[in-house]
Amino acid sequence: MTGLGARLRQQLVCFWLQLKILMFSPFEGFLAVLFPLMFATSALLVYRVNNDPDAMLYAGIGAAAMGIWTSQTVSATTLVQRERRAGTLELVVAAPTSFSLVLLPITCAMATIGLYSVVATILWDWWVFDIALHVEDWPVFVLSILMATITIALFGFLLSVSAVRYRTSWALGAALEYPGWLLCGFVIPLDLLPDALRPVSWALAPTWAVEGMRAAAAGESAWADLAVCGAVGLAYAALAGWLGVRLINAARRDATLALS
Amino acid sequence: MTSTRIFFVGGLMSYRALFGWMNPWIFIPSLLVSPVCQILLFAYIGRSAGVGDDEFYVIGNALNYAAIPCMFAMTFTIGGERFAQTLGLVLATPARRIPLFLGRSLPVILNGWFVAMFGVVVGSLLLDAHIPGSAWPLIALVVAVGSLASTGLGLVMGALNLVYRDGATMGNVLFLVLLIFTGTNVALDDLPGWMAAIGRCLPLSHAIEATRMLGDGATWGAVQGLVGTEALIGLAYVAVGLATIRLFEHLSRAGATLDQI
Amino acid sequence: MTAAVEARDLRRTFTTRSGALRRTRKEVEAVKGVSFEIAPGELFGLLGPNGAGKTTTIKMLITLLIPSSGSAHVLGHDVVTDLREVRRRIGYVFGGDRGLYERLSGLDNLRYFSELYGVAPREQKKRIGELLELVGLTGREGERVEGYSRGMRQRLHIARGLLHDPDVFFLDEPSIGIDPVGARELRATIAGLRDQGKTVLLTTHYMFEADELCDRIAVIRSGEIVAEGTPTQLKGLVSAGRVLEVETYGISDDAVEAVRGIGGVRTVVVEDRGQVQVLVVSCESGAEVTQPALARLDGTRVGRVSHRDPTLEDAYVELVTR
């Protein structure tokens, strides 16, 4: 029963069911898309004052990816809170499937919402701000978006694992939204930021994915950026897997699972 | 005398009862760190786009963020009671409604004022914003008026929350509306005409403009018109909110809508 | 034969912290050395007042909490180290209406947990269909859970707990807040589990429920087991004798104390039933207390006087109040 096929099926079914939960939710299904979309709009309104088409395109590309960040970080840190409130956290922990494999399809479902928000933002940019995406290398551009989605998903996975023990993680998660938008360089060039913050940006996989998106749009090679992006993402996954086991055990020891 | 006590003591007690879950782990990230990050985000966007100066974004976003505590807390003072099913008990008391609900708004306004002032102070310390020392007392006053106006909007939302259950989503949507329409990051004059027109009917627009002028060294005489307008807008929302509560209270007595969650 | 569930001197302490600035730590011992054994196929009841440590004990047995000390085995597997083996073989259902995904249909909730429990895809559909039938939700499974009544949610819970056909079933106050008809159906379902040879650990507040269902009962009080045995043994353990009930109108505390002082009286409890206070006197077998009791109630208006055999509830009240 633990064959690969069965495992894959399990992940797919869980993914689909979790996506259903998210889509029906006013928070993850609606706000997680609307919020970054409106912040992207606000950013583009600022750029629009000078109406420099190059700057608009630069911001438009990055703005499209803002939604992935929100749907992951905010949803991931509220995930555990949500399961606690529903009283299901203990039930999924008590199931023989390891907790990481419970979280993984949930994270992927969130990433799908993020992907939807990318498409919505690109259409919105085009419709409201007349930003026609001029992309030289579409396949690599799409690949970059997927890389952004996957690596942010892994980051969200890391966050949701770390958040198991903390009751107020949702507040911390919401507080990650703006810094992420800033540090990953979605709508500003990273050179503007103080040098001290540069390593933080490098440690965030989406930074590299957004660079890749821009490179692909401009027709330059995006492979180096995407390689770093993938490596950072794998590091998140490894860290999350390691933390997951330790933190769940700690939660069993300290009785923090049932707290609501 | 009873109404005065309901206003002060009742307001504070219900605030404490409804926000008992608030602790530094929630307050600091969501009400102190986040506004500063929002300020930084837009200040850098402004630098990157070559539009406006840091002070413009510090003031705009700090005041805009006051809407979060003001609107959410005010909505929650009514919506939260509905979830705990205590609203019916409160409405069954003979207490007068105006001091009852306005009393609840006073701690909310103070909270919003503190959040906005914190944003202005920390934002101007972190970025290149030089606000003259003499301007601070008036800025504090204008921010208070802006908080009052946002709380007025929160009261209207709270009233709507009596019949529409998803108050949190509504609050977020309104926050986004304020972000885009009130001149938080783009001066009203630089927005398309229809957007500016909407902005002028919303709370905060005039307070943000007045605070920016004060930051640039304007005198009270130059901003008093804006501050007066902001106060009037705020009071109008308060009046609409109270009237709506009264209407819904009547409707709920007729149709029993309060007890459904 | 290995026991289905075996607990050896289980202890669990909680550390609670309070205060935002000056954090104070307090250690609370919720379970203080609980030992019991449940044989395969047995329906075992764990009774006790709120906060006695029932749920904490169950959570240690179902691997959600690590015991502070002591050990426990389920079907021979250690609950601290053999997580997956234990989890695969147990079902867990708690009372109340939480623990379900509100935005999913009943069917989807069951599908989700079948996946997490690794129910083979081929069996899933059949199994879910059978369980929906068993708990009487057939026809309603497509609706979202947010529209379910409390009774329906509880039945869906039972179905969820049974998905992977567990050998040992933990039911934590399953009948809480269910109407009498629903509770009767639930009892029938639980009895059905026992008839299928499942091992069941049940906690409940309803004595008639425990009396009707359980093969053996342990009474837990303040984290310690104070009595253990069959329902009949328990009834006998506390009052091999009889129970005297006297209806009184306006009984004084002094009179109650006076009755308590009679030789052969074990406990005296006053139950308010409207205007009447019923004096429930349980006495040792052979002790003749009716006349002395009535004599001490001189001056109090007395109504009906009756005798009956002790119920499990009498035993329970006596055990947890003494």
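Miscellaneous remarks
Every chain is named by a letter (A, B and C) in the order it is written, and numbering of its residues begins at 1.
Heads up, the rule we're going with is that contacts are C-beta pairs under 8 Å (C-beta built on N, C-alpha and C of every residue); 3 or more make two chains touch, one makes a residue touch a chain.
In UniProt terms the chains read A = ABC-2 type transporter transmembrane domain-containing protein; C = Multidrug ABC transporter ATP-binding protein.
Please read all numbers here as calculations on a predicted model, not as lab measurements.
Viewed as a contact network, the protein chains form an open path, each link joining two chains that touch. Legend note: the chain whose CA centroid lies nearest the centroid of all displayed protein CA atoms is A. With centres computed as the average of Cα coordinates, no chain lies farther from subunit B than C.
Computed centre separation for the pair subunit A/subunit C is 44 angstrom, with centres defined by C-alpha atoms. Computed from the mean C-alpha positions, the centre of subunit B lies at a distance of 50 Å from the centre of subunit C. One simple way to say how far apart two chains are is to compare their mean CA positions; for subunit A and subunit B this gives 30 Å. Shared interface positions of subunit B, defined as residues touching 2 or more other chains, are 23. With touch defined as above, subunit C holds no residue shared between interfaces to two or more other chains. Interface residues of subunit C, counted against subunit A in their complex, comprise 12, 14-15, 59, 62-66, 83-84, 87-88, 90, 92, 94, 96, 98-104, 108, 111-113, 115-118, 120-121, 144, 160. By the touch criterion given at the top, residues 1-2, 6, 9-10, 13-14, 17, 20-21, 24-25, 86-88, 90-97, 102, 249, 252-255, 257-258 of subunit A touch subunit C in their complex.
Remark: subunit A residues 26-27, 30-31, 34-35, 38-39, 41-43, 45-50, 52, 55, 59, 166, 168, 171-172, 174-175, 177-179, 181-182, 187-189, 192-193 touch subunit B in the complex.
Put simply, subunit B touches subunit A in their complex at residues 23, 25-26, 29-30, 33-34, 37-38, 40-42, 44-52, 166, 168-169, 172-173, 176, 179-180, 184-186, 190-191.
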